Amino acid sequence: KDKDMANTEEKDKIKIGIALSFKGSSTLAPVITKLTKDFAEKYQTWDKIDASLPNKKIEIFVSGGGSGAGVKSIIDGLSNFGMVSRPVSDKEKAKIKGYKEYKLGTDALTIAVNPGNEIYKVKDSISSEELRKIFSGEYKYWDELDSRLPHEEIVLVTRDIGGGAHKVFQKKVMGDVKVSENVIQAPSMGALVAKIIENKNAIGYASFGVVNQNKGKIIPLKVDGVEPTKENIISGKYKISRPLLIITDGEIDELEKILIDYITSDEGMKVVEKMGFVPAR
Amino acid sequence: MSSKKHLLIKIWTVMSGLLFLTVVIYIFGFIIIKGINSISYRFIIEKPDGFPLGTEGGIFPAIVGSICFTLVAVIFALITAFATSVYIVFYEKNEKVKSFIRFIIGTIAGIPSIVLGLFGYSFLIVYLNLEISILTGGIVLGIMIFPFIEVRFEKSFLEVNRGLIEASYSMGVNKFYTIFNMVLPICYRDMLSAISMAGNLAMGATAPILFTGAVIYAPVPKSLFSPAMALPMHLYILISEGISLKNAYGTALVLLMILLIMNGLPVIFTMWKGED
Amino acid sequence: MNIRIYRKIEIIFAFFMKIFTSFSVLLLAFIIFFIVKESFELFQSISICKFIFSDTWRPTSEPFEVGILPMILGSLYVSMLSMVISLPISVGISIFLNIILTKSMRKLMRVIVDLMAGIPSVVYGFWGLLVIVKFFEDKLSFCTGESVLAAGLLLSIMIIPYIVAACDESVKKILDNYKNTSMALGVSKWHMVRYLILPSCLRAVFLASILGFGRALGETMAVMMVIGNSPIYPKLLGRAQTIPGLIALEMGGAEVGSIHYHGLFASGFILMFILFIINAAFYYIRKNYIDDRY
Amino acid sequence: MSYILEVKDLKVSFKDKKVLRNINVKFKRNKITAIIGPSGCGKSTFLKTLNCLILEDSEASVYGDIIFNSESILSMEREIVRQKIGMVFQNPTPFPLSIYKNMEYALKFYGVSRKKRHEIINEKLKLTGLYDEIKDSLNKSALKLSGGQQQRLCIARALTVEPEILLLDEPCSALDVKNTLNIEKLLTDIKQKYTIIIVTHNLPQARRIADETLFMLDGEVIEFDDTEKIFKNPSDQRTKEYIFGLFG
Amino acid sequence: MSYILEVKDLKVSFKDKKVLRNINVKFKRNKITAIIGPSGCGKSTFLKTLNCLILEDSEASVYGDIIFNSESILSMEREIVRQKIGMVFQNPTPFPLSIYKNMEYALKFYGVSRKKRHEIINEKLKLTGLYDEIKDSLNKSALKLSGGQQQRLCIARALTVEPEILLLDEPCSALDVKNTLNIEKLLTDIKQKYTIIIVTHNLPQARRIADETLFMLDGEVIEFDDTEKIFKNPSDQRTKEYIFGLFG
C-alpha cells in the first residue's frame, strides 16, 4: 500500500512539473520526437488546447535506450510513456499495474544489404535457413551462400542485445540458433542502417521504416519468397514483423490522455506512415 | 664527429613534432573546413528540425543545455574541490587522514566516466527516483571533474612557498585571512586554468550524461529540473544514426569553438588583470 | 573588519571546509561502495572467475551466459596498442618542444597540446570514423574499417597530449637545472638529449604512460565509434569491444535488477579494478623506486 | 623582571626523531641574543617553537613549557603569541603584492584604521631605513626589490604588528656584505624597543651585534653566556672547537 | 708566458643594461684567483663570459676579446673552449644519474674508450678525495650524496675533460663549514695542475686560498693584486670600504 502511495505521489510530482516524458525504443524515438515537437509547437501552452488546463508551457522529453528500457521505465514509474517496438511479454505485463498499450503501427525487420552487393541480382529470395546460417556465422564469405557472389567476408550488423529488434529477430528467425558474436552492434536502427549504407558487404535486419526513409541506398531482400511490403506485413505473410507500442501504467491523467489522443489521431498516423512504418489505422 | 652521431634521435624528434602538428592541423582543418559551411546564424539560434529530427534547423537547445550541464558540474565540483583541497592542505594535520582522502580521490579519478554514468543512473535515477535532469546529469559530470580540479588546486596550494605562509602566520594572522589574502591571489591563475580545463572536460563528455541528464530532444531548458539536449550527445546521435553529416560537422565545429573560447578565457582574464 | 570578526569567520570557514570535505569524501566512498555492491549481486549467481574467464556474453538468453574475457582483452589490447604508438611520439614531441623550438614557439605549442587534450571524445570519434575508418575501408580495402587498429590509432592521438604534458614538464625542469652545467662541460645539445635528458626523464615517461594507459582504458565514446563493438577476441585488424563500450551500448536497455544489469555493473567493476591495480602499481613504484626528481 | 621569555624543559621531536632535548633557557628583555651552532642542530626548530609555528607541522610533537611575560604561550591563542613574537626567515619572504600591501597585510587583519595604518607603515619603513629608498615606489611589487631591501621589508612588516620579541633565522645568509651590515645596524638600532633573538651561521656577525650568545649542538644548549665570554673564553670544549674551528 | 688568459676591453650587456664595462685583466697560470665584490656587480656574468656560456643567452651582447693561450676564444669552437675552461656552479648540480654516469658523461662525448674512461674517473675521484668515500656506491644516484660530496663530484666531473682552467662560482655558499674547508683544501691541492678562478662572497675564504684577488664593483675591476696586498693594504678607497666593512 505504501508503494501505491509512493506511486501516486510520484505521479503527482510529474503532474506538477507538467513535463511529460517518453523513454524506450530507438525505432520509435524519432517518430515520437517529431510528433511531440509538432504538438508542442502547435499549441505552445496547455490552456490553448482546453481553457480549463493550466497556462503552462508544453514540455515533452524523449529519450532512447531501447524497448527494454521503455518497459523498465514504466515498471519503475520513471517516465509517463514507454516506447516499445516488440511484443511485451506476459512476465513484463505482470509487473505493471494497470498495464495499457496503444498500438501506433507495425514495423518489419527487413533483411537489408548494400546496393553494391550483387546478391539481389543473383538470388531472388533468401530462405530462413540461409539467414540462420548467415547470422550464426556458419557462412563466413558471400560465395558460401552462392558461388556467383565474390569471395568476400560477410559483415553482420545487428542491434545490441537490449534492443527490441534483436529479441524479435532471435525469436522469429533464429529460434534456438545463436547469433554470431562476430557482429557489428549498432546502438540504434539508424546506426544499423547507416552501417549497411556504408559497407558493401554488410547485411543486417533493418527496420522497414528506416529502409523506406533510405530508399535506394539500401536494398531489402525477400525472405522465403515474401517481399516486405505494406500488404504482406499487414496480412502477416511477411513474418518478421513487430508492433510499435506506447505503454503506460494505471489511469492516465488528463494531459497524458490529450497527448495519446494526438499521437493516435490521424495526424499521428500520418507521421507514422511518413516515417515508413505501417500505421495502425 | 657528433653531427652524425645522434642522427636517429634527431630524425625521431623532428618527425614526432611534425607528425603531431600534421595531426593537429588535419583534425582542426578537417572540422573547420567541412563545418564552416554548415554554420550560420540560424544554425546557432534555431531548434533542430526536419525529419528525422536534426536534418535541418539548428542546435540552440543543445548549446544552452551543454552550458547548463557544464555550469552545474563546475559549481558542484568547485565547491567540493575547493573545500577538500583547502582542508587537506591547511587544516588536516593527520597524515593518515590525508592519505585516505587522497586515496579515495585517486580511485574516483581512475573510474571511467561511463561507470560514473552507470552509478548516476542506478543511484540517482533508479534508487532515489529522481527524474533525469540537468541537475542529475550535472552532478555526475561534477563528480567526474572533481578529482581533476581537486588535484590541481592542491598542487597549486602546495606550490605556494611554505615560507610565505609561515611568514603570514608569524605575524599573528589566521588561516582564513592567509588563504584569502595571500594564497588565493597567488594561485588564482592556476585555479582558473584548472577550472576552465575541467569545464572543457565536462562540456565534451557524453558517457556520464547518457543516462542521467541528456535526451535526444528537448526544448531550451527552463529549469535545472528538466532534462536537456547536450552538444556531444547530439553530435553522437547525428553521426551514429546517420541523420545529417552536414549538421554533424557544424555541431563538431561549434564544440571546437567553445573549446577555444574556454581555453582562451583564463588568458584573457589575466590580460585584463594586467599581469604579464 | 577586525580580528574578532576574522576569528569568527575562521571558525565558520574551517567548519564548512570540514563539512564539505566530509561530504565529498563520503560521497566518493559511497560511489565506490555502490559499484562494488551492485557488482557483487552478480557474483552470487556466477563466480567471479567464470565471469572474467569465460567468453560468451548472452545475459538475456535463457540460460544466461555472462563472460567478459573478450571485452577485457579488447580493452587491454586497444590501450596497449595506443600506448605503444603514442609513447615514443610523445617523448619525441617533448624533446622537439624543448630543444628545437624557441621559447615562444614552445609556449604556443603547449597551448595547442592543451587544446588537443580538451577536444571532446565524440569529436575525436567523429573524425576517426570519417578519416581513419574510411581510410582503412577505401585505401586498404579492409572488410570493415572499424578495427582494433583504428581504435588504437585514434586513442593514441587522444592520449598524446596527456603524455606530452607530463614529459614536457620533466624535460623542461631538467633543462632548466642542467643545461648550463652540461654546456659548461663542452658537450653538444644532442649529446645532452641522449645521455642526460632521455635517461633522466625515463621515470616521468613511465609514470605518464601509466596515467595515459588509464585514460585509454576508460575512454568510451571515441573507441565505441570506431571499434565495431563485436564481443569477440580482439585481433589487430579485426573488430572488438571494450568494456566501456559494452556498458554504454547496453546500459540503457538493461532491465534494472536483472542479470544483464548486474553484469554490466560487474564489468564496470572489473574495469575499475584493473585501473585500481594500475594506479596502485603507480604509487608503489613512485614510492619505492622513483627517488629522483624527474 | 628582566626576563621576557623562559623556556622550560622543552623537548621537540619530528615523528621519532628527537630534535630538541630538554632545553632550559631565559632570554633577557631588550637584548640581542644570538643562537649559533652547526647545521641541523635544531636552531630553526627552536625558533619556530618559540612562536608556536612548530605546531602547524603535523609531524612535530612538543613537550615542556615556554613562559612569555609570565604566561604560558602554549595555553595562549596562537595568533596572539605570534603577534607578540614576530619572526623573519632566512630567505626574504615578501608576499607577491605591492610593497604597501605587504606592509598593510597584518594591520588590516587587526582592523587598524586606514589612517593609522598609513602612519604605522611610514614609521616602520623609516625605522628600517627603507623609507627614503622606496618611498616613491610603494605600489611597485615587493618582488622587484633587491634581496637586501626585501629582507628589510620583511623585518619592517614583522614590526607592523608591534611584537615584543623579534625572531630572526639567519636573516643575512642570502645577502651580501653591504646589505648584511645594513641589517645589523638596523637590529642594533631597534633593540631599545624590541627583544631580538637571531640565529646565525656567521660568527663574526654574532660577535658584532649580540649581547648574549647561545651555542647549540645536537638539540642541546651547550653554553649560554655573554657574547664576549663565549667568543673569548668559552667554558665548554665543544664551544671552543666550534668557534675556533671556523677560523682555523 | 705565465698568463693563461687575457681579457681585453670586455663589455657585456643584457639588452640595454651594461653589466660589465671595459674589463682588462690577465690571469696567471696555476694560481688561484679570487673574484670578490658585492652582489650584482657582475661576477657571475664575468665567469660565464670566460667560457662563452654567456653566448647562449639571447639577451646578452658581448664586445671585446678574450685570449686563451694566445688564441681568441670568441673565434674558437664553443665546445672546445668549454672543454678547456671548465665551470662549477653555486648550487651543486649533479645530474640525476648514477655517480659513475655523471663522471662518464662528458668523456663519452669526447669518444674516450671505456677502459680509459674508467681510469680517468678513478683518478679524478681520488684527486677530489671522493674515491674512498664513495667507491662502493658508484652506481648509486648522485642525488643521494650529501651537499659537500655533490659539489666535489661536480668539481671532479668538470676535471674529467682535462680543462686547463677551472671556474668556480661561489662553490661553497650552499655548504657548511666542514664541507667548505674540504673544498678549499681540494682546490689548493689541485692548483699545481689547473688554473683556478673562484668567485666568493666569503672574504676569509678568499684570503685563505687565493693567490691573487680581484675586486669588482658595478661591472668594473676596481683592484686586482696579490691577496695579501688587497686584504692588508688595498690601494682603492672602495676596496677598503668593502673589505673592512665586513669586519667593521
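For reference, chains read A, B, C, D and E in written order, and residue numbers begin at 1 within each chain.
Note that a residue touches a chain if its C-beta (ideal position, glycine included) is under 8 Å from a C-beta of that chain, and two chains touch if they have at least 3 such contacts.
The UniProt protein names, listed by chain, are C = Phosphate transport system permease protein; D, E = Phosphate ABC transporter ATP-binding protein, PhoT family.
Every value quoted in this text rests on a predicted model; they were computed, and no experiment measured them.
Touching subunit B and subunit E together: C, D. Fewest steps needed to get from subunit A to subunit B, stepping only to touching chains, is 1.
When C-beta pairs in contact are tallied for each pair of chains, B-C comes out on top.
Superposing subunit D on subunit E by their CA atoms means rotating through 175 degrees, a value rounded to the nearest 5. Centre-to-centre separation between subunit A and subunit C, using Cα means, comes to 36 Å.
The centroid of the Cα atoms in subunit B and the matching centroid in subunit C are 16 Å apart.
Each chain gets one centre point, the mean of its Cα atoms, and the points for subunit B and subunit D are 47 Å apart. Across the assembly, subunit A contributes residues 64-65, 76, 186-187 that each touch 2 or more other chains. Among the residues of subunit E, those in touch with two or more other chains are 109.
Chain contacts: subunit B has residues 2, 126, 174, 177, 211, 240 touching two or more partner chains. The complete set of chain-chain contacts reads A-B, A-C, B-C, B-D, C-D, C-E, D-E.
Those residues of subunit E whose C-beta lies close enough to touch subunit C in the complex are 51, 53, 56, 78-84, 86-87, 89, 93, 95-97, 101, 105-106, 108-109, 141, 143-144, 154, 157-158, 161. On subunit A, the positions that touch subunit B within their shared complex are 10, 14, 17, 19, 21, 29-30, 33-34, 36-37, 40, 57, 59, 61-65, 76-78, 186-191, 193-194, 197, 213, 274-275.
Across the complex, subunit B meets subunit D through its residues 93-95, 161, 163-164, 166-174, 177, 181-182, 185-186.
Residues 64-69, 71-72, 76, 152-153, 155, 160-163, 167, 170, 178, 181-187, 198-199, 201-202 of subunit A touch subunit C in their complex. For subunit C in complex with subunit D, the touching residues are 1-7.
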